[in-house]
């Protein structure tokens, strides 16, 4: 028994680079050999889906892209899933970006969904207003007068010349807001300055880390559901019946989480053995 | 600070002016937000009262905050090992209260490093923070009588981008191996990257942030963490200035008031839901 | 002294009080100042201040290269990257069909190429490091030292496993059998009696087996032991309660700190 304990203690003091290697393999292998684990939507994700389903046809939806390349794996799948859901239901999409990186992400998402998959017309079915600096001042500006903030869209076309922008002058003219957010400025600013004062319903998709900050607002009803990280994106893809990157990442995330749990358990076993030995000697 | 008589004259004058304004029909005032205005006035009055109380010599008890006690220990450790202190004031700009609080704590840390002649490295993520932090450090070194030890390059700009900044700070940690790493400010996802790298080089790490989602990462990876309000209390704790300590006491009393208000509101809402009263307290507490 | 002390404090007080009390005034000019102008003035200042930071960066990196200080080779990358971004942003478009300004996000431009093939992989790599660091931090830090640490550990494991599809594939009956095993180990440590331990294990297994057989072994019942349900409950109840409490405390801290700055009580940000 002592030899087993010695071995466990020796393994417990391994260089952390071995841990990194094992985690790397735990993430990589399921991507090549998918397990196809079933995905079950949580209540928070279902609320987002129901909020979008409840929109009347031809609703005007404002989507704000507040993430960059670093958080793209978590949030881009939810943005793509949402766009597919909105275009399938025949809604009009208006895109704004509070982060400069967000505009690149928005371009990618709309190219993939609006142009390639749905073959929609820019200016009639969707429009990208683009990035404006100013953080929450942009949100406040949009609440009072969009045209003061956006004279042209992201492609340089005058906003007054875009058919879809007819009768759109402020946030209250939209039927729904969705914030795809990875930090500041993001969901909290949209709730504080846009959704709460105007009463326009808002849903959000955020990184897993940020969910804690937003959950109180979801529970109080200020935010209509939340897509929580990549699991949230995968759940939404399952609900709309269009599995994508979010779904394919869940096998890897599942195995990685399991490996981390096993590391924690193993770490505690070594801790107990150390404590027992120190008591003994 | 105003003397008692002057203070009450000013306070009385302002109150009278507001009463007159109200009686004259309060033009331009957004009535829907009057409750919030009253709350702000009451809270501010509370803060001012305790600040004056402390300034006049009133005793204020401040509990021990291990993280702040450890700051001097961390600087001392760096001095003994002949290595530098790395100070990271967050990744946001001076428009965030946490960043300002971080820069203020930097001033106190700079006094210690100048006293012990320890080198200080402050990589920043924003240009305005660079200027503010530089002035703070310069002042601290001058006040300690060691302006000769101060160099402009102690506080230097890296980049605005979050992860590029994290990469830059990690590079500094791995190359220069500071003995103490202090993270005081607003952080996002890069917090664990910084803290784990600091852990790998064996540095003593003290973190302070009001970014709720990053607190668990700092608690896990750092030796000491200032959680939420402890971070805002740091300035008062380190300076032991009566005004700041009074402000801290006022803050605690505000918290007691808010707790009482929550319990009272809960009780009144229950009565409303049961139909025993007709008045919905939520309607006046909702901010328009 | 006036320029370095009184005037900055006066500016902070006047602008702070204006934006604070301006929110209560129902006047378009004041509302516009509070909602738009005040924050935009700061953004304009910060935008011009970028030159200070950039010059500082170039000065330090250039000094390192010229004096061939330790690690000067990395500084070449920093300077090269900076200059490349300037060229891509202001000098060479790469696609003459687009205008300046929109060239930043248009296809075929050098800036877009730089964003897609240099900035994006680098950003993603740095964020991906978190996966490794979370694993090593968890391994090192999650120890059953006391009751609070045990609660943290157990709830952390429940959330980690329950949040992903793997959690919904684990039957609640498996968790119950696992709990019976853990209870038996605990009993063994406490009483050190084989009979009691065996009795605990046997009775636990029997109860779970009979219960499962009666219900037909549904994987998500009883809900108390089904990880996704447990995870949801922990997330929405104790977690949100704690989060709310910390948020209220932080909010009050921010309010008190801001009032101190506005009233000039706290002056350390401009030096003492």
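Labels for the chains are A, B and C, by order of writing; each one numbers its residues from 1.
Heads up, the rule we're going with is that a contact is a pair of C-beta atoms (placed from the backbone, for glycine too) under 8 Å apart; a residue touches a chain by one contact, two chains touch by 3 or more.
Only a predicted model underlies this, so the values are computations on that prediction, with no experimental measurement involved.
Considering the contact criterion stated above, the chains in touch with subunit A and with subunit C alike are B. Chain-level centrality, scored on Cα centres against the all-protein Cα centre, points to C.
Between B-C and A-B, more contacting C-beta pairs join the chains of B-C. If you average the CA atoms of subunit A and of subunit C, the two centres end up 14 Å from each other.
Averaged Cα coordinates give subunit B a centre that lies 19 Å from the centre of subunit C. If you average the Cα atoms of subunit A and of subunit B, the two centres end up 30 Å apart. Touching of two or more other chains is recorded for residues 39, 123, 126-127, 134, 136, 138, 140, 243, 247 of subunit C.
Counting partner chains per residue, subunit A has residues 16, 70-71, 212-213 touching two or more of them. Residues of subunit B in contact with two or more other chains: 163, 189, 212.
For subunit C in complex with subunit B, the residues that touch the partner chain are 20-21, 23-27, 39, 42, 45-46, 49-54, 56-57, 60, 70-71, 74, 122-123, 126-127, 129-130, 133-134, 136-138, 140-141, 243, 246-250, 252-261, 263, 265-266, 268-272. For subunit B in complex with subunit C, the residues that touch the partner chain are 28-30, 33-34, 36-37, 40, 43-44, 47-48, 51, 93, 95, 97-98, 100-101, 103-104, 107, 124, 126-128, 130-132, 135-136, 138-140, 143, 153, 156-161, 163-164, 166-167, 171, 175, 189-190, 192-193, 195-196, 199, 210, 212, 215, 217, 220-221, 227-229, 231-233, 235, 239, 243-244, 247-248, 250-251, 254-255, 258.
Taken in their complex, subunit B has these residues touching subunit A: 92, 162-163, 188-189, 200, 212-214, 288. Touching subunit C in their complex are the following residues of subunit A: 16, 19-20, 23-24, 27, 37-40, 42-43, 68-73, 103-104, 107, 133-137, 140-141, 143-144, 154-156, 208, 211-213, 215-216, 219, 228, 231, 234, 250-251, 253-261, 263-264, 266-268, 271-272. Listing the residues of subunit C that touch subunit A in their complex gives 32, 35-36, 39-40, 43, 47, 99, 101-102, 105, 112, 115-116, 119-121, 123-124, 126-127, 131-132, 134-136, 138-140, 142-144, 153, 156-157, 160-161, 163-169, 228, 232, 235-236, 239-240, 243-244, 247.
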